[in-house]
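Next come the structures, one after another.
Shared between the two complexes below is chain A, which pairs with chain B and chain C, respectively.
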Partner chain A sequence: QGGGSAVIDMENMDDTSGSSFEDMGEMHQRMKEEEEEEAEGEAGAAEEEDGEFLGVKGLQGQLGRQVADQGGKMWQAGKRQASKAFSLYANIDILRPYFDVEPVQVRARLLESMIPVKMINFPQKIAGELYGPLMLVFTLVAILLHGMKTSDTIIREGTLMGTAIGTCFGYWLGVSSFIYFLAYLCNAQITLVQMLSLLGYGLFGHCITLFVTYNIHFHSLFYIFWLGVGGLSTLRMVAVLLSRTVGHTQRLILCGTLAALHMLFLLYLHFAYHKVVEGILDTLEGPNMPPFQRVARDIPVVSNVVLNTTAKAVALTL
Partner chain B sequence: SGFVPPDMVQQQPYTGQIYQPTQAYTPTSAQSFYGSNFEDEPPLLEELGINFDHIWQKTLTVLHPLKVADGTIMNETDLAGPMVFCLAFGATLLLAGKIQFGYVYGISAIGCVGMFCLLNLMSMTGVSFGCVASVLGYCLLPMILLSTFAIVFSLQGITGIILTAGVIGWCSFSASKIFISALAMEGQQLLVAYPCALLYGVFALISVF
Partner chain C sequence: FAGLADVSISEDIPVEGEITVPVGSRSPDDDYSTLDEPVRDTILRDLKAVGKKFVHVMYPKKSSALLRDWDLWGPLVLCVSLALMLQGGSADSKDDGGPQFAEVFVIIWFGAVVITLNSKLLGGTISFFQSLCVLGYCVLPLTMAMLVCRLVLLAGSGTVSFIIRLIVVAAMFGWSTLASTAFLADSQPPNRKALVVYPISLFYFVISWMILTFTPQ
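For the complex of A and B:
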């Protein structure tokens, strides 16, 4: 009895201080100590019982077993307490409904994210789902890593992986929160999960553009993709937001900010992680550069004079 | 006729040890019975939980992509096999001149945590961290073959890209197949395979570049 059950004895919680986590921790500690006292009491009794038969069993065997049992019990109690704290703080089950999707739905939403809607007079439906956006952010991370590895980018302060993850997740979470804040100011009908979902699916265009242009290096091709593919996904997000906002000024602020940030992010990703490749291409395929010139080292006369004077001075002192 | 207690009818053989209340308690493992004989202890491999037959079964399940996976083989979490595979992967990278054990372990750890969170969110029944680590570790085996190939031939041509894509597909297909059968998530194999493909893609990046 008292084997780690989560039932709290309400008698001890009459006073107002009984509901804080520290006090719960104390309760658990007290329960654990009571358990151990019980266990020790039992063990002590058992020891005395077996202690009479020293010659038969051997004191070592019994004591060893009791100590191991004690150690085991303490480990169990500690593990139970840690798992209780973990389940209290890290309850990810609240995110469970957002991951309940079928592959068909994900594919449909991916394709829809590139098609701007025409009807902006009544609110468009946004699926509040987080699996697709999360996978798209990870795909963007993988594409960035691939691009950095191909172009031999060297990150001085930090690692490649950390930079890629920080950039992509920072954009997704940061810009979503910022636009959600603006939407709150502009009275737009959108929740944070919907905003995360919308922006996440909007990264599909970015993934396609970067995947193509990191492997085929043409500046004009990048600009075509930037305007075409990036523009389509931005238009889709803007149209959805327009349908959910009332008032010209508010619409302008919200959609203008989102469009600017989204397009500029694609521009940034291309140029920040792609510079080195351009440099290499210029040397290999660019206009004819003169071959490396060997220039003879020209030792100026001044230094010779200084050297001779110094040598003479040293000789004189010796 | 009197009442005869049943004990009296059956004579217990005299073992020379009387008043042993704990005699009825026969220990099954050597951990709780420190004073036992040497011959009574179970074999070392059994004590450590390394079962070669199961390891071989799991390896075959991974290597043969079309073989139907048995959901129960993943019930016992075995981390000996995955540890050996991670070390082997690091060793093959070392032979190719890349000293990147740190990356291998770091990405394995982060990937396992990520997959653990995702699978717990997506499945009806939960999954333990040991199971996830075990499955992901076993399915690393084709990646070891890829990095062995990369010792001798460079993977940066068009054949390298095709081979790398094929191996990533093989690894993620096997991993998702085992997860689906262990967690009863029919119809979501693609959804589980894609994050596995991303994880193995990062490993492939280390092998190729």
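For the complex of A and C:
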């Protein structure tokens, strides 16, 4: 009975070799679908067979099929290009491990960034995560914007937002790279991501200080915060770096540079983006006050004036 | 055909062939039919979709309509109207109109892109444009706050108006943050929601701050 193989070939069921032009469209449609379903190599072979089978009518059919073929090829080429571009975008995945944190970890690290460690004899652990530092930089940008707006700072070239973002990101990335370079010269055991993370968390002190002093305009308060809060976060960073460096000269160079840059940055942020006032300023009177011009000026002169004013105010109250 | 009646096929012989499934209801002609409809129908359909999403933002329930069919028309309209309303509020330099508009535009789109990247890096399952769509649409309450602030400032700019504006802007800021959190936080692992909510609230805080400190000259 059924000794051979039974191959049911449905392809020849719709035999249109004797039909008219109207069925060309249907055949064209089937050819297109067939091509889309199969791989490209097989589609080529199948079409060649059909070409021979169709005979005369195959000429117009072949043109139709070639058009469909071109269309199919363009679709494939487009898809390939799009997926190449997409995989370029998907390189974001190289940053993924640095964002693998839990909220409790972030909170713990924020609090730790204000506590200097005592043990500087063996290397302290630095977590290489970038979420906390990035959020802190953005928070600093927001606080700076607030400070610039309330003091009516006029920016001659560029925009308020551009200046704030440029300052904060420039500090974070630039000083991190510079200290990393110095650490390379001084043989300190720290990687770039760790340095970025350390400096980023060190900006937490800056955020707190600026947030408080942009709203309460007491200069003595600012100096207390500058030394206290800024000093604590700087001490923490310095202690961690000390624990990872050997040699007195190298420690001095590295930690001295970092401490100086960090403290001076806080000083700069306060004075460059904030109104120099005498006493308590009522921020609701903003439009009535003369705008603070952000032009090149002598920082020592300004700070002398401020110191004198503060000393006078303190002397008067005593 | 009588001879085929007693043909039997044993199980180990492969049966091969092709069965082309007839293309059903969606023939390619259906895709081209929207080209033939009047322009009014196309615009009305898109407007209805945008309007439906606005309603979803104002009454944030956990629905997936905002996420499924994302579009960026709404965010564009909101961003442009907010930027236009925020113009003319800076100091006396003669080119203050330009940077103000570009500033707002850049802040909104750059901020939205950064938040989207952040949520994707934290392990979110939402796609890039879906997140942009949600963040853009949730600027709607703040745009309404800007409108109210402008109207209040027409009446006068004293302490009372400041307090009114502060209350309105604070309420709308809360609404925006809640609305966007309702849509976006579900796509995150449950213990990391706070990590995603913080940048969103910072973003809307910056926009609210720009609205609150707006004083027309």
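For the reader, a short list of remarks on this structure follows.
Keep in mind that, in the parts below, the second predicted complex is superposed on the first by the 190 of 318 C-alpha atoms of A that agree within 3 Å, B and C clash if a C-alpha of one lies under 4 Å from a C-alpha of the other, contacts with A are read in each partner's own complex, and residues count from 1 in each chain.
Just so we're on the same page, contacts are C-beta pairs under 8 Å (C-beta built on N, C-alpha and C of every residue); 3 or more make two chains touch, one makes a residue touch a chain.
Just so you know, these numbers come straight off a predicted model, no measurement behind them.
In the superposition on chain A, A:L145 contacts both chain B and chain C. Within the superposed three-chain model, A:I92 lies in touch with chain B and with chain C [touch as defined at top]. Once the two complexes are overlaid on the shared chain, A:A272 sits clear of chain B and of chain C alike.
By the touch criterion stated above, A:E102 is placed in contact with chain B and with chain C alike. After overlaying the two complexes on the shared chain, residue contacts for A:G64 are found with chain B alone; chain C is out of touch.
Using the contact criterion defined above for the overlaid structures, shared-chain residue A:M135 touches chain B and also reaches chain C.
For chain A, the partner touching the most residues, choosing from chain B and chain C, is C.
Once the two complexes are laid over each other on the shared chain, residue contacts for A:I120 go to neither chain B nor chain C.
Under the contact criterion defined above, the residues of chain A that touch both chain B in one complex and chain C in the other are 92, 95-96, 99-103, 106, 131, 135, 138-139, 142, 145-146, 149-150, 161. By the touch criterion stated above, chain A contacts chain C in their complex at residues 1-2, 5-11, 29-30, 33-34, 92, 95-96, 99-103, 106, 131, 134-135, 138-139, 142, 145-146, 149-150, 152, 154, 156, 158-162, 284, 286-287, 291.
Residue ranges of chain C in contact with chain A, taken from their complex: 6-10, 13-20, 23, 91, 93, 99, 102-103, 106-107, 114, 117-118, 120-123, 159, 162, 191-192, 194-195, 198-199, 202, 205-206, 209, 213, 215.
Chain A contributes residues 49-50, 53, 56-58, 60-62, 64-65, 68-69, 92, 95-96, 99-103, 106, 131, 135, 138-139, 142, 145-146, 149-150, 161 to its touches with chain B in the complex. Residues of chain B that touch chain A in their complex: 17, 19-22, 31-35, 107, 117-118, 120-122, 187-188, 190-191, 194-195, 198, 201-202, 205, 209.
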